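To start, the structure itself, in structure tokens.
By letter and in written order, the chains are A, B and C; residue numbering begins at 1 in each of them.
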Amino acid sequence: MSDKEDFKMSLLEVKNVTKKFGGLTAVNSVSLSVNEGQIVGLIGPNGAGKTTLFNCIAGLFCPNSGEIFFNNFKINGKQPHEICEKGLVRTFQIVKILNKLTVLDNVIVGAFLRSKNVKSAKKKAEKIIDFCSLSHVKHAKGSELTVGIKKRVEVARALATDPKLILFDEVMAGLNPKEGKEAVRLIYKIRELGITILMVEHVMEIIMPISDKIVVLELGKKIMEGSSEEVSKNEKVINAYLGVKS
Amino acid sequence: MSKKAIFVWVIFLSMLLIFPFLIEAPYIMHIAIMIFFYTTLGASWNILSGYAGQLNLGQSVFLGVGGYTTAILLVRFGINPWIGMIAGVIAAVSLSWMIGFPCFRLQGRYFAIATMAIVQIVYLVIGRWQFAGGARGLSYPLVGWGLKNFAFREKFPYYYIAMVFMLIAICLTYYIEKSHLGYYFKTIREDKDVASAMGINVLKYKMIAITFSSFLSSICGTFYGQYLLFIDPDTMFLLSVPIMLVTMIGGFGFLLGPLIGAAVLIPTQEVARIFWSGSGRAIDQLIYGSLIVIIVVLQPRGLMGIYDSLRNNIIKLLK
Amino acid sequence: MILIQVILSGISAGFVYGLITIGLSLIWGIMDMVNFAHASFMMLSMYFAYIAWENFSLDPMISLYLIIIIMFLIGNFVYRVVIKRTIGGEVVTQILCTFGLVVFLENMAQFLWSANYQMIRDPLVSGNIALGEVYLQKPQVVAAIACLLTAGLIWAFIHKTKLGWALQATAQNKQAAPLIGINVDKMFSLAWGIGLASVGVAGVFLANYYYIFPQVGQTFQLLALVSVALGGFGSIPGALIAGLMIGVIEALSGFFIAPAYKYVVVFSIYIFVVLVRPQGLFGTHH
């Protein structure tokens, strides 16, 4: 299996992606690959370009150069909804759920991607809500929820689209330790479903232990890639974070 | 739908069906017809602006295009108005696509302004187009009476046709509410980035919304022309405000909003006109304007919104 | 020769449009809100001028100063009583609110003063100016100069005074402004005051030569909206230039095509500009 992986294209393949905004190069020729079933962490100090890279992958931005392949489809330049249809879904850094809809309705919206039938979408949504331990707030309106619950609703909604890969954009931010632990448990559960995860995180104690691979960005460039052990000991990485407590 | 709701609708429909046999006064029939008419128009606006959140400040343009297409075909070419109605729908929906395709990627307020500009353009152009009657409009020739000609001497056939149109509008809105369309529209309305992230092709669904919207407005335009047996630019292109008002009073984004709004507003307008407009000072219009502002500021969700909030509060209290 | 006349008359109209645009752009830029009723308030000031002339025999040039103050106060009032409640809500609500104000103001005007077209006869500023073979109407020229001056005053206020600087800060970042001691609510109220006062100036000078009737604001409003789209916003010189362009285009279209179609051209330009270059010709991307 491992020999074959070298020749098989990974699930997500980012090749030399560059994104500039005017004179600022936010992402500078970054390459990374995520294999099916992996949990890959993307870290780096503020301004490293992590969210910009995410937005390029998710289709919000079009890279100035480079290519992105997902499941052997070229997705750079495609629109976000097309990319979602292909099986790559993202959560937002500042949580965006629909405040006027109930939790159930929020998740149903995601479920509609694969089936426009209301009954089956509802059933699927309820299963996922159970899976994410959100049953107790099923009928609460989005505006009534705490940040932690909102984030979980966003995850549930993403799951409802039957993704192959989820992009988690700082899903841990703003969670207290207890919520953080529950979030990690949920992430493992998601991986058990066979879904691949690429996550941006600042909270080191969480992302280091759970990632199969860590990619480190600094000022738009990839400076290191490896296991959490290798990365935590790497001098370049430590320098990048110098002064920043992890 | 719950058994109770079905029961209520059946009773309501029966009452509507019997109504013309009980009341024969043409004036009252006229009010009823206008209620149906504005409900349909309000519903058409509601779908695009209420559910999908794409504020259209020139909804009357679809009414006018539908009406004028039918009128021109009838008056200039002698084509039957029912066929003219289909042609009107094709024209109005085509226009809606021409507007939507480029303009839907605009920010909400720029789209709203564009709709204002478009209705002005069409209004001005038609006002100068002699073939369409220019500013004086067109009088419909008396081809004959009866369903075939979509022209009647009595009011009650118009009543039933308007009622059917209204029911079409309500059923269409109901279908939207209950299907994935409703969810998608509401998502687009609240946050189109979320919509895209959920795999929703935002442009496609906005186009669906404007298609329904222009379709319903267009058949109303045809109806109106056949009802008045006359058409002119002022009649057809200046109704955007009452259309919006009817929906907003009743409830913007609610299924029954336009119906409730029309049922409240039209009779009120008639009463106000009888008692106060003698001086030509248009106090009823003044009330119109005040109402929009008051409603938007105090309860943008209209009467249905008030009802909804009350119901939620009662549910909360009972918990 | 006629062409020059047409262009000049377009330019003088353009200055008036420019001032209206500035007020609109001010409120839009500072509050992130489109005031659809902007020109309807101008209509109000035109009626004030008319009433002062009809009932008190005050020439518009005299009543101007009182009307400016009244319009400023009305701006504050409308903001406090109506507009404030829609802040933070949906954009749809805000748009519908000012849209509703249009209906309200037009119908109130019709109710109070009837739908008849009124005109101020023989105001202080009247007659023609001859520039060689070209004849310009004095009221138009005076209006243009007044609007240009007012635009300059507003520019000076915004860029040279502390309050104006605070307005700019609010426009750039409403969330951060309170952190440096700016009372955002007062800024919004000020924006509405200045916006309406400036459109009041335009209205009073227009009253010298334009018909006064309840719906007079409608065309100006749409022209101003087109103008904001062209001139981007956040730029007073830009708004002025955009207004001038609209004035000239309108005049030329009326001359070369047909008077009735001049608005068709202008509105079509709006659609074109907004699709091709959403940030306008000069503005920054919004």
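Here, a residue touches a chain if its C-beta (ideal position, glycine included) is under 8 Å from a C-beta of that chain, and two chains touch if they have at least 3 such contacts.
Remember, it's a predicted structure, so these values are computed and weren't measured experimentally.
When subunit B is withheld from the analysis and all other chains remain in place, what is the resulting partition into connected groups?
If we ignore subunit B, what remains breaks up, so that the groups are A | C.
Which chain, with its centre taken as the mean C-alpha position, is closest to the global C-alpha centre?
B
Taking CA centroids for every chain, report which one is farthest away from subunit B.
A
Just list the two chains that share the greatest number of C-beta contact pairs.
B-C
Round to the nearest whole Å and give the separation of the Cα centres of subunit A and subunit B.
Distance between chain centres: 44 Å.
For subunit B versus subunit C, what separation do you get between their C-alpha means, in angstrom?
Going by mean C-alpha positions, subunit B sits 32 Å from subunit C.
Using mean C-alpha positions as chain centres, tell me how far subunit A is from subunit C in Å, no decimals.
Those two chain centres are 48 Å apart.
Which residues, counting only subunit B, touch subunit A once they are in their complex?
178-180, 183-184, 186-187, 190-191, 193-202
Tell me, which parts of subunit B touch subunit C in their complex?
Result: residues 49, 53, 55, 57, 102-103, 106-110, 112-114, 116-118, 120-121, 124-125, 127-128, 241, 244, 248, 252, 280-283, 285-286, 288-293, 295-298, 300 of subunit B touch subunit C.
In their complex, what parts of subunit C are in touch with subunit B?
Per the stated touch rule, the residues are 34, 82, 85-86, 89-93, 95-97, 99-108, 110-111, 114-115, 222, 225-226, 229, 258, 260-261, 263-264, 267-268, 270-271, 274-275, 278, 286.
Sort out for me which residues of subunit A touch subunit B in the complex.
Listed in rising order, the residues are 58-60, 79-82, 84-85, 89-90, 92, 96-101, 105, 108-110, 112-113, 116-118, 121, 157, 161.
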